[in-house]
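Both complexes shown next keep chain A, but they swap its partner, so chain B is in the first and chain C is in the second.
And now, the complex of A and B:
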């Protein structure tokens, strides 16, 4: 095989299951697709050749213990190298919640999954198409009307050395339901995975969402979280990105019903030669939608971050309130930040703002802190943490915030000012 | 004030430059334990620079001379080591640190200094109790403990916040750089009372000020005039009154 794209197409031709009608459409698109190059706008700063340089297989099985999150009391769904691990997954579900796997979905699950699959995630995401045709397993999560699920649902995808996996998550929140979903990606050794999730949030439903794209080092991880918001639906999403040899996340939010509210907080922290690429697109298709997107990151050493954030306000999306803000802290002159916040406005009665800043570590603040007895590295950790803490504090689930804090601090402790 | 023969801070013929510009030009000063020294002088004389040089700010380069605290060479130490050795500078322009809470910052500072002295760190509850007391003493609402360090504080609130840090850190030598500038009379008294409450036989103060007013409340043992990078005149508290009446010109002219 000459490359990962041809390989995906060839392998897809052998996949046949209840999702085939959907997979075929994506396969047709994939056959026409080209491997992105530097001239491909969506991949301008993010080379994908690493995927061809790693030897991976979908046949790697491993038994690894996934760390639980203390006090989270979550419903866990664990996939190791794409394979469902029943032993580490929760067997009991709260009332109002239906969870099935892609491979064992019953007729009713299949029915809604078929209508959702690849309908919320836009077709322009090349690796989304790869995931469409190759996803072998994943979760279908269905929350019944008016039900508030108190336990967060944690979906873990862990990759081990040499593994390739494609997992898919479909979530449906019926009207006035409420749930928190955590997508957690783990495994830092050479591996390749795509992980895409689609969320259909019906009228007046509330989704609390977390994506922890915290694979580092050799991992090649590409995925996306895609949301469709009904009338008065609410999304509160937190994305944490650490960056690795190749780490790419696409986020799409469509305000399909009016008066929906989307809050998206993103924190990325990069070190070494890591790369993290986030493309987010928010479509305001109807009036009275609100979007607040706050993206903050710290980039050290030779790391590279790409942020492309687009908010598109359609002609009839009057009274839209949209804010997109990207703030970066550059720790070293050799680090690279490519940021492009974009507002495209076709309605005339809207309130919108967007901006991006890149600042260097505040030497005066470092000295001030040292003058009180803190070591330089302690001061640096505090300063860095201060830069993103506001977003950590805004995480609706404080157990998750508490769990995250030491991991962020550990990462700061490694970063050195260049 | 009783003073022993011991010297706490000894600055001898200190010269320093910033960005190739000589600012301190052979400054000497001795402060004994328990003493309060006021430093006055025209704008741009080098008063703040002295504080920065002593506290170890990057970019302030010592060219000659020496400075010791308790007989130990200050100038060889990192900024944090000087703080741990007991030096405290209340900044003329305190720095804002958004996102880092005042309480967390002060706890970390106190912990770092205790650890350096081989003491155990205070429990959160113990520290909170001390911090609340200090906050009340400088007349700031308790909400200021939760706020980002100096973040959005008014000029006067920043100065009181510096004082709060001083109360908690219990330094040996406190340098207050224009802690009275921009304060109304009530706030001035709060600062003065804060300083007076900390006066002990061992603790010394260097108070940089433009105004005699503050010295009505904090009675200095000595008053110095710093001009063009050195001390050109020293006297007792009455010198401050003279300066208030006559300004600095008569001194600098005589000097020239």
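And now, the complex of A and C:
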């Protein structure tokens, strides 16, 4: 057993709260767990040894300011190093929205959380288990039936130098409700966090979801967003990933009710020695589900990207439409792309397809732009931006898209220099 | 519809007869002594025995792979007989006239006419019956061209330098569980050497048949295409109908030197077991080619048999400008399971690979494509195109795709696409409206689905493959 895993188990044994009944099963699994190696399929390209190298200090500064997103007018829930920061969080909530913290949930919230905890993705990987046993704070978000929340909810998790944090978010959308939720992870100094969110989207409810996994440099970040879609539920999710020393996200969608619709757009941009690993799994358990997944990325310098996109059509899931498209631009001779789109199909009356491409920028397009007087690097930034912007344009919230664009541009410029 | 499919899919396995041939078979079991005995039976030189024993020692340390999407009962390696030879082989036939007539009749039943039809077809055949190579036709004509085509057991004795130089250079001894087992216990197989600049005057063919009960077949094929040479090689297989599972763990190595071209075609029709998955062959095969500069390898396979197939014919594109191709049709029905695909390892500059895989699943079968395309840092300007299509017939089967794509060179271009569809009602309606009965219609649609692969097969094989498909699909729609 590795040091961090041992320490996680030891610490977990001292955790005792109302979630303990749920934590125990995970702890039992964790005790038996082995650190993933190259031979572990889910971690084949992603070494986790960096976790043993991170020095977690007990005294971390907690007085940092989280930048707000202009014009977003969001309901903010801010966690600094895993602890809720009431001062930076919104104190007023729109009608129909209930938010409680894991630590001070009332009885009804507890009852719900106990039944929902680790339910959407019961088959948890090692870090999911770590989060199960160590998550001490987080949010329980409840959207009432038929309510449309206009303000987006923004959940920020910020890590400072030497911090370790495990946060958990549980979201419940009651029937016909509608909400937008932004998960934002910040802090680029040496730290380690696991952050998982579980979304239960009831019949005819609509969830707009964003996850900005944009921690870079020394920050080790492992997490995931898991969705359960009821009948005619709709999910529109956008994930932005910048790599870091270790950055891994698992996105899981289960079509539990028929006629549900899931759209997922993913953008990853990597530079330096960054690593980004995305595992996405879509389970079509019932008929008439639709999934559209578009994953695009640009990988420069010494960076490495891993994408595993699995679509599983169960025996009963007739009339499913599922498409997954993964397009990659490889910018450098020392960078690396590993992609694996998977289809597992047990029903015959379905239309499923996936595609994956890896290439460099179109030389003709570059030449064309250079012949119009642009420098090579200007042309590259422009083409890269065009490649990514197609997905940015599809973001339902244009305020967020506007906020994101300059960050992406800065990233391109940096990739160009590197 | 499904019931009708099931009903018709209960068709008989046409090659399922047992030949009444006296044979000499080892008692089941595997230990060093068995390996020594195999080696002694084959009158092998000392170095070969040492090599086998080394492999056996390594194999005992290895574990059976479990990553494939197949489910089968654990194999008891001590319950298999590792050597079986038709008795009349004891005093080896010098010509076809001396071969046991019953054996020849077996081949005739299988449609491998060793004599006349071969003349017409111009195919030289090496037939392997259980563990030994029975006969190789057209040897003189091949010798004239300088081509060596003989059982590998003979090559070990006659051309030890060639064998030593190339054996296990493509598939290393410790490559995988089944390949290592094959190193230890392989009994025969084919050996081909095409000299520099030679175009093999005829197509070469090997026919494999497992006849004895409780035996395994472990053949080993080594093909060396010297610089600028060309050869087309065909391989076919059958086995009798038996209740227990039989293991077939072959290794095929292709060494394709500068500017040479090898076309390797397989029609695999091992006994698939009955409708409930009882019996049938476990087909666990390692096939790999190394392509040197400007060389080309083309794997074409039509897989309709075996209870479980685990097979990934691969190309290591080592030399600049080398080309690898993989064309595959896998038709699974009943309780059959296949996990098959290819690996294309691009090492040299401007290397190119094409993968076309067509999987058809019917009954309760499961059909998986598993492939790897790897662009190494040196694969400047390399190109890959992969297309995997699955067709599902009925709602109890499964079709899966597991492609691994890895690239470390920005100038390399990789494209992968996969689709899944079924024989649509519209297509059926159209065909029937034009006067085709449903059975013909399905066969036609499936044939169209597989066309890209069939056109890669040599003529005779394409006809055979088409027929095989037709038989397998007989009445699969109503």
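The working rule: the second predicted complex is superposed on the first by the 409 of 418 C-alpha atoms of A that agree within 3 Å, B and C clash if a C-alpha of one lies under 4 Å from a C-alpha of the other, contacts with A are read in each partner's own complex, and residues count from 1 in each chain.
Definition applied: a residue touches a chain if its C-beta (ideal position, glycine included) is under 8 Å from a C-beta of that chain, and two chains touch if they have at least 3 such contacts.
Quantities reported herein were computed from a predicted structural model and do not represent experimental measurements.
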item: Touched partner set for A:355, first chain B, second chain C, both or neither; value: second
item: Touched partner set for A:376, first chain B, second chain C, both or neither; value: first
item: Touched partner set for A:345, first chain B, second chain C, both or neither; value: second
item: Touched partner set for A:318, first chain B, second chain C, both or neither; value: second
item: Chain B versus chain C, judged by how many residues of chain A each one touches; value: C
item: Touching partner for A:335 - first (chain B), second (chain C), both, neither; value: second
item: Touching partner for A:364 - first (chain B), second (chain C), both, neither; value: first
item: Which superposed partner A:130 touches (first chain B, second chain C, both, neither); value: neither
item: Doubly contacted residues of chain A, that is, touched by chain B and again by chain C; value: none
item: Chain C - residues contacting chain A, complex; value: 67, 375, 377, 390, 392-422
item: Residues of chain A touching chain C in the complex; value: 41, 315, 318, 328, 330-360
item: Touch list for chain B against partner chain A, complex; value: 55-58, 78-80, 82-84, 88-89, 91, 94-100, 104-106, 108-110, 112-113, 116, 148, 165, 169
item: Touching residues on chain A, where the partner in the complex is chain B; value: 362-365, 367-376, 378, 382-383, 385-390
